[in-house]
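You will see chain A twice below: alongside chain B first, and alongside chain C after that.
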Partner chain A sequence: MNETIRELLTRVGGLPVAVTELEDGADLYAAGLSSFASVQLMLGLEEAFDIEFPDSLLNRKSFASIAAVEQTVSHILKAREAA
Partner chain B sequence: MSLPAFAADMSLSARAQRVATVAAEFADRVDHDGRFPREAVDAMKAERLIGIQIPTAFGGEGASIAEIAEVCSILGQACAASAMVFAMHQIKVSSLVEHGGDSEWHRDFMRELAGRQLLVASATTEGGIGGNMRNSICAIEVDGDTCRLTKDATVISYGAHADAIMVTSRSNEKAAPTDQVMTVFKQGQYTLQKTVDWDTLGMRGTCSDGFLFRGEAPSMQIFPKPFAEIAAQSMLATSHLLWSAMWYGIAADAVLRAQAFVRAAARKAGGTQPPGALRLAEASNLLQLLKAGILSGLRIYADAKADHDQLSSMAFSIAMNNVKLASSETILTIINQAMIICGIMGYKNGTPYSLGRHLRDAHSAQLMISNDRILGNTSTMLLVQKPDTSLLG
Partner chain C sequence: MDMQVSFLDRLFDAGLLIETGVDGLYGRSGQFEDVIAAFERLIDKVGGADGAEAMRFPPGMNRAFFETSGYMKSFPQLAGTVHSFCGNELDHMSLLKCMEVGEEDWTKGQEATDIVLTPAACYPLYPTVARRGNLPAGGGLFDLQSYCFRHEPSKDPARQQLFRMREYVCMGTESHVTDFRQLWMDRGVEMMKSVGLDVTIDIANDPFFGRAGKMLVNNQRDQNLKFELLIPITSVAKPTACMSFNYHQDSFGLKWGLNLEDGSVAHTACVGFGLERIALALFHTHGLDVNEWPGSVRATLWG
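Right, the complex of A and B next:
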C-alpha cells in the first residue's frame, strides 16, 4: 500500500521534492501538497483500492503524511471487511 | 434631562448603533474623498468595540462571531467602508483568539489589544499571487530571536492607519509556497512604502493601498501554528461570515430606502398600488433568503467550533464558501432591484433614496477573494465530498 500511495503522490502530488526522499511521517502539506493535489490523491486512492472516503475522513489530518494516508485507507478497508 | 437619560445603553447593539450614527454622518464624504473613516473608527474605539472578541480573561468581552456579525450588519447599514474595516479587524482577531492562546506573546498581545483598542490589518495578498492566500512567495527569515520579512503586499486595507498588521509568508526560505506562517507586527516594527493607490469603484474608504512591507520583530510574534490551520479553522469561516454580515447590511439599507420610496409614492397615489410595490416584495424575499443563508452559516460555524475535525472538514469549507458565493451575488440583485424601484432618485447622489454608493460598494464582494476562485475550490472538493442531504443536519 505504501508503494501505491507513493506512486500516486509522484503522479498527482505536484510536490517540489522527490517523493522517494519523503519519510513516511513527513508533513505533506509542508512539503507543498496543495488542496487540489490532495483531492487528486484521494481520487487516485479511491480508484486504486476501490474505496470511497467517508465524509468524516475528508479532512487535513487524514492526508497529513504518507503514514496518515496509509492509516486512513487501512481504516476504510477494515471497516469494509467488518461490514 | 432626567438622570436615566445619562446612563447610556451599554448593550452591544446599542453601542454599535451609536457608532453607526457617526459612520452614517460621514459615509458620503468618506466615499467621495476615498479617505479613511476616522470618525467611525474613533467611535468604535470609544465604544470599545475593537476588543469585544477577546476573551474576558484577557480584558475583552468574549463576543461570539454571531454577535460580531450583528455589529457588522448594523455598521454596514450606515457605511460599508467602516463596516468592512471593523469586519476585517475582527477576522484578524479571530485568528488571535482561536490560535494564539498557547503562546505567551499572543496572550499578552490580546490584553494589549483589548486595553488599548488596537486596530489590526491584514496582509495576505501578494504581488504575483493575487487572491490565492494559501500560497506565498515571500519568506520570513528567522535569525535567533529576531524575524525579518519583506513582502510586496499589493492590498492592505487601512494599512497606513492600523496599529498592527498580520502578515503571511513562507515559514522559511526553503519552504514550499504552501508552507506558510502568519506573524503579528506592531506599529514601530515595520515600514510601509506605498506602491499602489486605492482609487476604486467602491469601498473607497477602506484605503486598501498597496505597500512594500518591511518588518523586523521578535520571532515569538510568529503564530505557533501553521497558517494552513489558521486559514481553515478560523480565517476562512470568519471572513465569509463577517463579510456576508456587512454585505447584508448594505442590502438591508437599500431595501429600507426602496421601501421608503414606495411608501411615499403610496401616500400620494391615493389608493392605487405604486409601481415599485411588487418589486419591493421581491427584494424583501431575496433579503430574507440572504439573511437565512448567513444565519445558517453562523450556526454551522458555532457547531463546528465544538468539534475540531468538523472545522477542518471539506463539508465545512464548502458550506462557508457557499455562504460567501450566495451573499456576494444576492446583494447585487437586491440593490439593483432597489435602484429600479427608486428610479432616478436612487441613481442620483444626495437624495434620501440614493443607492449609487451601495451598488458600488457591493460590487467588491464578488472580487474579494474572487468568486471564480472559490467556485474552483468548491468544485475540486465536490469530486470527493459526499453531501449531507438532510434538512436539519
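Right, the complex of A and C next:
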C-alpha cells in the first residue's frame, strides 16, 4: 500500500521534492501538497483501492502524511470488511 | 421560500428592483442605487485613509487569466463565458433560419470569445499586479468594485446572478494580511451597527463543486480561511452573507508569481462587500421607504 500511495503522490502531488526522499511521517502540506492536489490524491486512492472516502474522512488530517494516508485507507478497507 | 418570493415581490411592487423575466437578473431603481452609493461612501470613509490603490475593471475578464485562476476546478457550475457569432454570411443565414424555426438551439454555433464574466471583483487584479514585478516594501493594498456573475438562478433577491462586489485586497506577509483581515472584521461589525443592522460573524466556506469539493470545504473551514458577516434578510435561521473575509495563504502568490520586495512569495487576503445584499438588508430591516428609516441610519448614510 505504501508503494501505491507513493506512486500516486508522485503522479498527482505536484510536490517540489522527490517523493522517495519523504519519510512516511513527513508533513505533506509542508512539503507543498496543495488542497487541489490532495483532492487528486483522494480520487486516485479511490480508484487504486476501489474504495469511497466517507465525508467524515475528507479532511486535511487524512492526507497529512504518507503514514496518515495509509492509516485512512486501512480504516476504510477495514470498515468495508466489517460491513 | 414563500418569504423569499414575497420579499422579492415587495421589492418589485415598490419599484426598487425591476423584473427582467430571469431569476436573479434585475434592474435597480434610482432609489436602490442611491442606497448603494451612500453605503460605498461609508466604505470610502472607513477605508479611505488606508491609501489603497483604486482600480475598476469591467465585468468581463481575460479568459486566459480566468483559466489560470483555476476557477473551473472549484466552481464550474457558477462560471459564465461570453460567446459570439463568428461565422460567414452563409452561417448567418442558417443562424437566422434556425432562430426562426426555433426547433434547434441557435446558440450551438456561438464561439467562445476571449472574455469570461468576472466571478469576483479581485480576479483581474492578481495578474495585473504580478506584471509590475515585485511588490514595493510594505506590500500592496487595492480597492476594487465590479459587477460579478455567478450562474445560480434563484428567487431569493439576495442571490442574484449579476451583482456588485466592492473589495479591498491586501498583499504582504502572513501577519500583515491576516491583521488586515481582522481589522476589516472589526470595522465591518462597527459599520453595520452604524446603519442599524444586527450582524454575526461566522466561519464559512465557498460553494466548491462536487464530492471533491467537500474536501476543499473541510480544508477551508479547518484552516479558518473564510469568515462571513451575516445579516438576516430572507431568513433568520439562515442569515445572508453580506461581507466575506478571505485569507488565501500564499496560493494566489504562488499561482500568479506575486512576490514581496525581498523576493519571497506574497500572502494575500481580501475583504468583500456584497453591495446589493447590504442594500437589501437595509430595506428589509428599515422598510422599503428610505424616508422612513431611523434618523441615525439616514445621518450615517446621507449626513
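Basically, the second predicted complex is superposed on the first by the 83 of 83 C-alpha atoms of A that agree within 3 Å, B and C clash if a C-alpha of one lies under 4 Å from a C-alpha of the other, contacts with A are read in each partner's own complex, and residues count from 1 in each chain.
The rule is simple: a contact is a pair of C-beta atoms (placed from the backbone, for glycine too) under 8 Å apart; a residue touches a chain by one contact, two chains touch by 3 or more.
Worth saying up front: this structure is predicted, and the values here are computed from it rather than measured.
In the model built by aligning both structures on chain A, chain B clashes with chain C. The partner that reaches more residues of chain A, of the two candidates chain B and chain C, is B. Look at A:Leu58: by the touch rule set out above, it reaches both chain B and chain C. When the two structures are aligned on the shared chain, A:Thr72 is found in touch with neither chain B nor chain C.
The interface of chain A with chain B overlaps its interface with chain C at residues 34-36, 39, 42-43, 55, 58-60. Across the interface of their complex, chain A is touched by residues 70, 73-74, 211-212, 214-216, 218-220, 222-223, 251 of chain C. By the touch rule above, chain A contacts chain C in their complex via residues 34-36, 38-39, 42-43, 55, 58-60.
In the complex of the two chains, the chain A residues touching chain B come out as 15-17, 29-36, 39, 42-43, 46, 52-56, 58-61.
Residues of chain B touching chain A in their complex: 134, 171, 175-179, 226, 228-229, 232, 309, 312-315, 377, 380-381, 383-386, 388.
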